[in-house]
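As written, the chains take the letters A, B, C and D, and residue 1 is the first residue of each chain.
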Amino acid sequence: MKDKKVPLLEMRNISKDFSGNQVLNDINFSIEKGEILGLVGENGAGKSTLMKILFGMDEIRDTGGYGGKVIIKGKEVNFTSPQDALEKGVGMVHQEFSLLPDFSAAENIVLNREPIKYSIVSELFGDRMHTLNREEIDAIAKVAINRLGINLDITMKVSSMPVGHKQFTEIARELSKDVLGETNPIELLVLDEPTAVLSEKEADSLLIAMRKLSEQGISMIFISHRLNEIIDVCDTMMVMRDGLIIKHIPIDGVKVQDIARWMVGREVSNKAKPRKFDYNNIETILDIKNLWVDMPGETARDISLEVKKGEILGIGGMAGQGKLGIPNGVMGLYTAGGTVFFEGSELKLNDPRALLDAGLAFVSEDRRGVGLLLDESLEWNIAFTAMQVQDKYLKKYLKGFMTWRDSKAIEKVTHEYIDQLEIKCTSSKQKAKELSGGNQQKICLAKAFALEPKLLFVSEPTRGIDIGAKSLVLNALRKYNRELGTTIVIISSELEELRAISDRIAIVTDGRIEGILEASKPSEDFGLLMIGQKVEEAI
Amino acid sequence: MKKITFKSIKKLIANNLVTVLFLVICGFGIPLSGYSANFLISGIIVRISRNSFLILSLLIPIMAGMGLNFGMVLGAMAGQIGLIFVTDWNIVGIPAMVLAIIISIPISILLGQLCGRILNKAKGREMVTAYILGFFMNGVYQLVVLYGMGSIIPIKNTSLVLPRGYGIRNTVNLIGIRQSLDSIFNLSIFGIKIPLMTFIVIGVVCVFIVWFRKTKLGQDMRAVGQDMDVAAAAGIQVEHTRIVSIVISTVVAGIGMIIYLQNIGTLNTYNSHTQIGMFSVAAILVGGASVSKANIGNVFLGVILFHLMFIVSPMAGKNLIGQAQLGEYFRVFVSYGVITMSLVLYEMRKKRENLVNAEKLKDDQGDSNEN
Amino acid sequence: MENIKLADKIKSFAHDFGWPRIIIALFLLSLFIMAPFVGVNINTSLSDTFNRFGMNCIMVLAMVPMIHSGCGLNFGLPLGIIAGLLGATLSLEFNFVGGQSFLMAMAFATPFAVLFGWAYGKLLNRVKGGEMMIATYVGFSSVAFMCMMWLLLPFTNPTMVWGYTGKGLRTTISTEGYYLHVLNDFLAIRIGEHFVFPTGMVLFFAVFALGIWAFLHSKKGTAMTAVGSNSVFARASGIDIDKTRILSVILSTWLGAMGILVYQQSFGFIQLYMGPFFMALPAVSAILIGGASVNKASITNVIVGTFLFQGILTMTPSVMNSVIQTDMSEVIRIVVSNGMILYALTRKTEATR
Amino acid sequence: MKINKRFYIRVTAMGLIILFAILMAFLGKQHTILIDNKNIEINGVELKALQIVEFQVDKQPALELAKRDRLKTLVQGQTHTFIITYADENWEEFVLEKKLKVPFSEDMLIFSIPAFINDIEDVDNYLKPFIIKTIN
């Protein structure tokens, strides 16, 4: 099927940097007509940036454009927007659905491109007064659905559809765009983790549909973390890491273990000497049994985990696999079930106050949404939780009836942390929203430190902050653990960082603990755990 | 035929609690008030012909996700201004009504544009903003009518103007147009006068609404009403579509006000439009409409039930406790109570829908935990 | 270099003080300047403004707790006013006189205010995000409900009951002989024969304002501010969101009850039935004129806002009439008051979550 | 080109609506006509009021006027037919009919019967705008 002629899409020495750090450097690859290319890589390896360049998203243009050429069928091309890319036959299917619940499948497929019947009124009041041509809408929808080779009732409302059918409706919408003849036929379809939300059976029918499309000459870029799907459906495969293409080879003969090694394999640059942590005879401070957490996008299904007193436990895993669910569930921010023992006594779930009283603290991954009072001063942000939970920084009158904010004490503690964590700000009265990402993260840390917790959950502490702030935050955490013996549970999607600071790392995949390894273990083992391949347990 | 289990009846009642409540109130009220069926039916017929055009103007903004358009008061003002000019030029009969409508349409379009733009700036709290905008424009309306007309805007007919030389009187006698639409050809079936022409006009606007849903603009509005981001991603001009929905609603409200006033016969210039918003919203809610979903059936059911309660309660109050005044307050209380209840039910149902998704998720995990 | 910095300072001051507020302040100032030229006695209008300030400021203060806790503008103020009316009528029923009747009215009103506030708060907690519209209609339906109650409740005090039937309350009841001007005359300062400063009322307000200011500095008060500013943050810090919001609603309703009592003692009449129907809008627009937004309000906003709003209400009838011989004050009141609310609602501040 | 076509359609539609509005104004304009059966003096000649006369305009019911009577009737629209039936000394009936155009802007007009009978063609004599004499 793959005749050797001008490749459908070719990307020649593509490079991109976001304010200093190099995200993509010298990317070269090409796709033939009807070929399915599997694109694999850790979060932050540069996959989504590459796709954004292909689709000419504003995000790229606003941050200084990109180097290199994008060539389609031999002609260099520079799309101005996803709509423009679509005109040239390059479609994209996102992970989250952009479908209207109360519209039928057919109406969703032709949204804003509905075929119309002329009505005289439009002469007066503009084109949108034409009436819809119902029959043609159904016809187009049927054609698009048939190309996917699945049977789907196009009159059914999307809201009452199973998840798989929603995915097919979304893909059918991209395909239907050329049936109308408005755009030249779809030649390249990018599928961004389409199977992430599908069940096994639904994923298989999607893969079959993809095979059918490729026989019709449509080439596809299939981004997924489920490596076995990649092996089943793709013709060739490309592994990306730290903005580089590590491997670009045909799929036959490749095993899952190889992919995992390429995805993750790089030497551990652990400057700090890894301390020997004797796990056997140290008592467990936190014991989680069959925890499930209903956090949208990060659902934890059945987590059982023991955290030893005084250790730094890392929790890693791919995005969306549920690792963030653990801290949010334990701390009561999202409904959770199961049993959690802290220092022997059982904790009441779904009640943040009980957790805080017991001596746990949590630095949320959603700095702006959960972690900060953006319109209030730094003093408030740092002193608030400690004041509410442990009545710190309050002057008490009439035996506790009249409490009064002790502004001097608040100011003192704020300045303490400003110096300790080197927070760059004009004054302690400055509003939190005026600080940089890195400094905001330090404020969240200071808020948790002010509680002097026995156990500290830290979630994605270094996401989206500059390198300097990163090392400072990690050092502060390490210092707190070494000097005050605070047990730290750090959740991060950057494996590198976890291995630098944690004693051991638990990998969460598909809502369960896949395995727990010593930090010093080779990264390939972690890679395998991430894609759900068992590794002989270290402990 | 779906087996009507107890559960489905309970679900039916739960969904349109407000309508059922009104059936109960009218059920008790009618016998208590002692009105004859004939009197009630003719009263309802008059009210349907008078109010339904106005209430129909609420349908399109609901479809476009703007909630209950309290800003229809702006359309009522435009209609009244049209009537004032027509009365001043001493024009009567159907031609006068048509002329008043033609005058009111550009004013309604202008006010609708203004209202639409303001509501676009207050996304998420359209209803309270439209409500306050109604009050604000009432001030501007008074500025124009109480001070502008006669001084800046020439008003020839002295019987319209206040003794001080400018500003329109509080009540304007619309004798020229009174009942002109209603009395074109009305047949009376065993004693009840049915204004056929008015019903035909109402029928026309219903056909327009049904046809409008089938147009591209109608489809865009439904899309914007459900999810603005998805609509925008598909390339629909969300802001423009929302403004158009408000403009149409204001124009229809303007025409509706003219029909309402021709039925009543007199225009009290400064407060007849203030109550219209509240009564129309209460009526459509009683008909079973919600903030996000409404159809023509809700309008007519609502008009019948709401106004039945309105006619019946003073007399019922009088017979029950010997205080007509009580019945008077009772119907005001029920009208406001109905709006409060349906707004609360709508918000709670919206919250429950989000919860249901979470529930579904939990169940999936529940069984996945077992295996 | 100097004047550039000055210009920036003015521009930044103007920006956060908000253009509409500046226009209104200048408009009021011009009214005060024009007054003497048009034969309006400055003293009387000033004392009139202070009097009206005293009458309304507690009802405007009632807005602060709910705005702080993120429940939005309290369009349901009539609920608090009804609690106050019940307190007043009960105090008159038991024939308390003078200062004592005012205290008893407050005492009677408090349980109602707490009960209504609690139920109202619970309701608002179930409709987070849609509070303002529902508050408006809770206010209206409770006023309409009370209209029925005023007819049915067994009151007997002859000054309050309808003359001929002897049952059901009059629409307006005079507080003559009960707590009329109880606060106004309390160490009132008279300068010349025109100017009277109602120290009692202003002191009364000062006590309440201080109370709220102190509360906002307390642990619970800080928690309330956090709930208003970012409720997820507050929840993560172990605060019971719903309980805090209900507390703020109870506080607002109670202040509304106290506010109407102060209003009556100066106004001289208790207005029942449809009296409190439109009382929420002036209070809401006053605090917005003072600089508050939909989720941020301070005591200074209350003072500045009430003074500006009431100043306009007193000055426009007298000054404007003599300037352009027409009573435009009603129109101006509507436009300014509702214009302000509209301005606040269309600001970019995120809607009450 | 396409825009022009639609542009013209819209302009003509706008024009049509305005014309239709003017038509409505003309059709709906109401005038009050005061019918006078009084002596009237026209360019020097004194015309006597009639003993009894019948006045009818368009389809409205006929009105009877005695000497020195003045009646009022409302008419809608611009052109009306006036029908006067009267009898002379020897009780012979005469019927005079005239189609007249009423000036649009005049709200109130006065119609003198004797002048009408005297000279049916000379409209200005018997149909004049009625101006209320204000004491200024």
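Criterion: contacts are C-beta pairs under 8 Å (C-beta built on N, C-alpha and C of every residue); 3 or more make two chains touch, one makes a residue touch a chain.
All of these numbers come straight from a predicted model, not from anything done at the bench.
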Handout entry: Chain pair showing more contacts of the two, A-D and B-D
Key = B-D
Exercise for the section: Starting from the mean Cα coordinates of chain A and chain D, work out the distance between those two points in Å. Expected result: 85
Practice task
Please work out the Cα centroid separation of chain B and chain D, and write it as a whole number of Å.
Solution key: 43
Fill in the blank from the handout: CA centroids of chain C and chain D: separation to the nearest Å works out as 62
Exercise for the section: List the centre-to-centre spacing of chain A and chain B in whole Å, with centres computed as mean CA coordinates. Expected result: 47
Practice task
Have a look at which chains touch which and call the overall pattern line, ring, star, complete or other.
Solution key: other
Completion exercise
Per the touch rule, the chain D residues reaching chain B in their complex are 17, 20-21, 23-25, 27-31, 76, 107
Problem - chain D residues within the chain A interface of the complex - result: 6, 9-10, 13
Handout entry: Footprint of chain B on chain C - complex, ascending
Key = 75, 123, 126-130, 132-134, 136-138, 140-141, 144-145, 147-148, 151-152, 168, 273, 281, 326, 328, 330-335, 338-339, 341-342, 345-346, 351
Exercise for the section: Sort out for me which residues of chain B touch chain A in the complex. Expected result: 211, 214-217, 219-220, 222-223, 226-227, 229-231, 233-236, 358, 361-362, 365-366, 368-369
Problem - Partner chain D, residues of chain B touching it in the complex - result: 86, 89-96, 98-99, 102-103, 176
